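Pasting the structures in now, so scroll down.
Shared between the two complexes below is subunit A, which pairs with subunit B and subunit C, respectively.
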Partner chain A sequence: QKVTVEVLDHLERLALVDFRDSEGVERLQKAIQFADQLHEVNTDGVEPMDSVLEDRCLYLREDDVTEGNCTKELLKNAREKVEEYFVAPPGNIPLPKLEERETFLQGS
Partner chain B sequence: MAAAARGFGGVWCWVWQRGGGWCPAPAPRRQRAVSCNARGGAVLAGKSGLAPWVPVVGLEIHAQISSNSKLFSGSQVQFAAPPNSLVSFFDASLPGTLPVLNRRCVEAAVMTGLALNCSINKKSLFDRKHYFYADLPFPGQTILLMKFPFTEGKLRVDANVSVHHPGEPYGVRTEVKNINSIRFLAKAVDYEIQRQIEELENGGTILNETRAFDSKLGCTVPMRDKEGKQDYRFMPEPNLPPLILYDAKSLPANMNHQQVVNIDWIHERLPDLPSVKRAKLVEQYGILPEHSFTLLNEDGLTEFFENVVKQTQMKPKKVIGWILNDLLSYLKQHSLTVKESPVSPFLLADLLNLLEKKEISSTAAKQVLAELWKGEGKAPLEIVKEKELELIQDQKELEQICQAVIDGQENEVMAIKAGNQKVLNKLIGLVQRETQGRSNPVLVKQLLEKKLSE
Partner chain C sequence: AAWKGGLRFQVSAALKEGRVTPTELCQRCLSLIKSTKFLNAYITVAEETALKQAEESEKRYRRGQPLGVLDGIPIAVKDNFNTAGIETTCASNMLKGYVSPYNATVVQKLLDQGAVLLGKTNLDEFAMGSGSTDGVFGPVRNPWSYSRQYKEKSVPKSHSEDKDANWVITGGSSGGSAAAVSSFTCFAALGSDTGGSTRNPAAHCGVVGLKPTYGLISRHGLIPLVNSMDVPGILTRCVDDAAVVLGSLAGHDPKDSTTIQDNFNPFELPNLTDISKFSIGIPKEYHAPGLSSEILALWSKAADLFKNAGAKVNEVSLPHTRYSIVCYHVLCTAEVASNMARFDGLEYGHRSDMNKSTESMYAATRREGFNDVVRGRILSGNYFLLKQNYENYFIKAQKVRRLIANDFVKVFRSGVDILLTPTTLSDAVPYMEFIKEDNRTRSTQDDILTQAANMAGLPAINVPTALSERGLPVGLQFIGRSFQEKQLLTVAKWFEKQIKFPMIQLEEVKRHDHGVFQHQKSASFS
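Here is the complex of A and B:
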């Protein structure tokens, strides 16, 4: 079962990954096949484990204010700041549609 | 929670939207016929000859818990605090920090679930949801609590809408955001149902998308999708064990009680729910159910009402009229809360007592109330004296005035004696005028009737 061009485009768009060439796609296929081996395990009647911490007790904190108010410290790590804001790069720019961008998948 | 929607609007016309682009807006023209199906849900007629439509609406209600500190950290919660002033190291996602759950939030959630008559899940799991924004150097994360009932506090609602033909599976749904009031909720839902029906009847498809409600234009528009498609990569939250809630039966023997949330303990401490409060008010005071709604919906109004009732001989059924019609409308007109009322329960009770003792008429009472609103601290009796509003108590004086009116209205008297009782009201009115409203209409009527029958 091959991975379709639609799915590959979807992955490139979501993960901002560039499959580059057929070898990249082949590697992906192999990775999926590898993971598919999980299906060979019979899990009938086995309760899924939600968390390795399932037999630990979840600690509940009292509703007191005990931290925060450390703006200066937090901003010490900021490369760029304006007043008390972190300055970040511009917002998300979605990838152009498949037909309009340069990708190995174009030829497929 | 899905509820059948009621929407019908007409055909939509196109309106130029601020910022460019055409946006459909409602034009009041033909309305779709709506009928109810066997389950009581609304069914909308299709374009002539086409199959009818069933809309399905789900409301996603977000409410902020009222707490001192945050859900997963000990940072303060405060509206409009300066930027980054409340952020702790965990909130800033610095490496090595871990979430710690706030007990008060858990209790609030349980309380709300109980108040809404939900069944409370004993075990809840946390999932992690990832957001990828270019302006965050690493994927943002949200920890979600799954299978857990609602919380109390600040409120927000998103509406999920789809349509389908009866008997067929549900259609593709859209999510509508930016709805800021119940009225807008109704408009947004109505619009979206219509939009989807028109789209489908014209051969189009509905995208599973998020739309924003534009309150000015009364329509929904696709939200500018800043990330394109989203893959949230849901996974079990590795840093939080499951949350277990207990009740009296399942309570472990030797556990630190600070670490235990006991559903039954919380249930016992729930205050009277509104439905119970309303029923009590109706039973205790003999007021109408709709009165009880208003009393409860206005902060402090029930207390005000009960305080007045305590201090006056007037029956609660009569008092409620003064509370809901006079007091409340004045407060609303001046945008005041009950607590800010210039007229206290004591003053109002004082006034109502004068009325009850028939020392003033109801019209006079309203005049006094108007004076009291000025908040000059005068007592009702003072105002009555100042404005000479007391009812004439001297029976002889009243009789004289009645006689004078009768003497002056020969035609009317003849009409009454001939059997036209309605004309009597005119005479009563004339007496009222003579006495400048200071006569008790019931008494005047009796006197006039007595004189006319002589």
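Here is the complex of A and C:
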């Protein structure tokens, strides 16, 4: 069962990563096919496992501030900044729709 | 002083006795790194800071107050660990130029012990791969490609062909670290292990590769791939050294709440002579399709070795082994999809010039920053996490994970102490052959024997065993019970002593001053 263009488009938006070319899409198809082998395994009554340390409690420390005051260092690695702010382009603008986007999927 | 009697120290002893100084050692390693540059094992060489660290170490030795066994010992760190003031790239365009503001806990611990950080080693981009061939700085070459042992066995092709053309891969993804240790440019290196990324290159490069129990060593500062499986890995030239490094790294870290809170006591490995009280399990499913007859024979010989020495050796079954790779594929891509979401260009790393909106800037940044392998896994992961797929793929894989982990529990409960398996399906393949298949296919094939230990969180170690017919290293893997590293390493050390794996014969190393390299060439530093 081939993945529909709608789902591919949806994935590109969710991941904010593009398929780039037919190879990218083919790669996904193969990945799904490969993962389908899981359905051969009988997992009736089996609980999902999140972590191998599930029988233990995660360590929680006291809510005391012990580190910080490193604004300058953290800002060093950002390309766009103003005073103590990271600068982002305007938000709340959705990615262009499939027809208007520069994406390989347009051709499909 | 922190010298413990009873351990066999070689370079450390030499440092303590003043037969060699930390700065001499550091300079020799730096010089050897330069002359083995063609291996492409290092992405960044931190020459200045390394020499400074060596000088500080020298002062301590002169005062008679070294910090411990690791004081003055040159080490290398895989480039997916944060190192303060030193570029950390993960071999990706996404982090080119990123200079960490902090040290990963494991790096800090090594520095606190006086280790000398020579540089950051090469890897597959974001540790995704089993060849160390898919990073932006190019592939790592296996030092054994240039060994007398390999060259002797190579059939010379036409005289016009570049004699370099059949160099073999290191395996991955911690190939740079494995190559660095194997070529004597450092005495120990950090790798990471999510599906076998420390053990696989260790096997191909003829070094010891230890994957500790999940939760034993802090992941703080290790750029995450799969949070529920990642562990820092240790690469050394002998098992004793791995135990020393483990001793300096293990233990609870308040900055990583997935590290267990139990007290960890560093241990010395006994010189076990009587192996008879151990029970060794041979999981039959590890006779996987594609396992070379050579390795099968070695595995069998090893089992016999244990049997003849009086240990109980029995075939056991881990029935869900063959689903481990499929399970990993789903869980890994899902966690990757989540972990890679942090790379958006806003706070660190590469940022695209695209400025129309945050969404389009993120998309362009990620388009420019990630290679095909990374993008492929992100997209697959997002697919498996879609509402319509979540139950059927992600949750399903988590259930299969429990079955895989339970397989091990059952076997260990039946009285088996240690499992003995091959580490890889074959010896290292030539690069030209490796790249004929894509990354995912290769990873699927190559991780098959190592992956399940990550699934179950168990400790596992590759011990170099013998040379293949092509003159390349082949290793065997021991898998132990959770948090029973001492037992695992004790058995591994016994095995290592029985088989006496040959030393690599490299021209480049011979050319250097023999004096210091006596220490270098001896397998252990501890």
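Here is the rule we use: the second predicted complex is superposed on the first by the 77 of 108 C-alpha atoms of A that agree within 3 Å, B and C clash if a C-alpha of one lies under 4 Å from a C-alpha of the other, contacts with A are read in each partner's own complex, and residues count from 1 in each chain.
FYI, a residue touches a chain if its C-beta (ideal position, glycine included) is under 8 Å from a C-beta of that chain, and two chains touch if they have at least 3 such contacts.
Computed from a prediction, not measured in an experiment: that's the story for all the values here.
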Partner chain(s) touched by A:Q1 [first = subunit B, second = subunit C, both, neither]: neither
First, second, both or neither for A:G68, with subunit B first and subunit C second: first
Which of subunit B and subunit C A:L60 touches, first, second, both or neither: both
First, second, both or neither for A:E84, with subunit B first and subunit C second: first
First (subunit B), second (subunit C), both or neither touched by A:K76: second
Subunit A residues touched - subunit C or subunit B, whichever exceeds: C
Subunit B/subunit C common contact set on subunit A: 10, 14-15, 50-53, 56, 58-61, 70, 74, 86, 88-91, 93-95
Residues on subunit C engaged by subunit A in the complex (per definition of touch): 98-99, 101, 214-215, 228, 252, 254, 257-261, 320, 323, 326-327, 329-330, 333, 337, 344-349, 351, 354-363, 366-367, 370, 372, 375-376, 378-380, 382-384, 386, 392-393, 395-403, 405, 438, 440, 444, 456-457, 482
Touch list for subunit B against partner subunit A, complex: 67-69, 73-76, 82-92, 100-106, 125, 132-137, 225-231, 236-238, 240-244, 258-259, 261
Subunit B-facing residues of subunit A, complex: 10, 13-15, 50-54, 56-71, 74-75, 83-86, 88-95
Partner subunit C, residues of subunit A touching it in the complex: 3, 7, 10-12, 14-20, 23-24, 27-28, 30-32, 34-35, 37-41, 43, 46-53, 56, 58-61, 70, 73-74, 76-80, 86, 88-91, 93-96
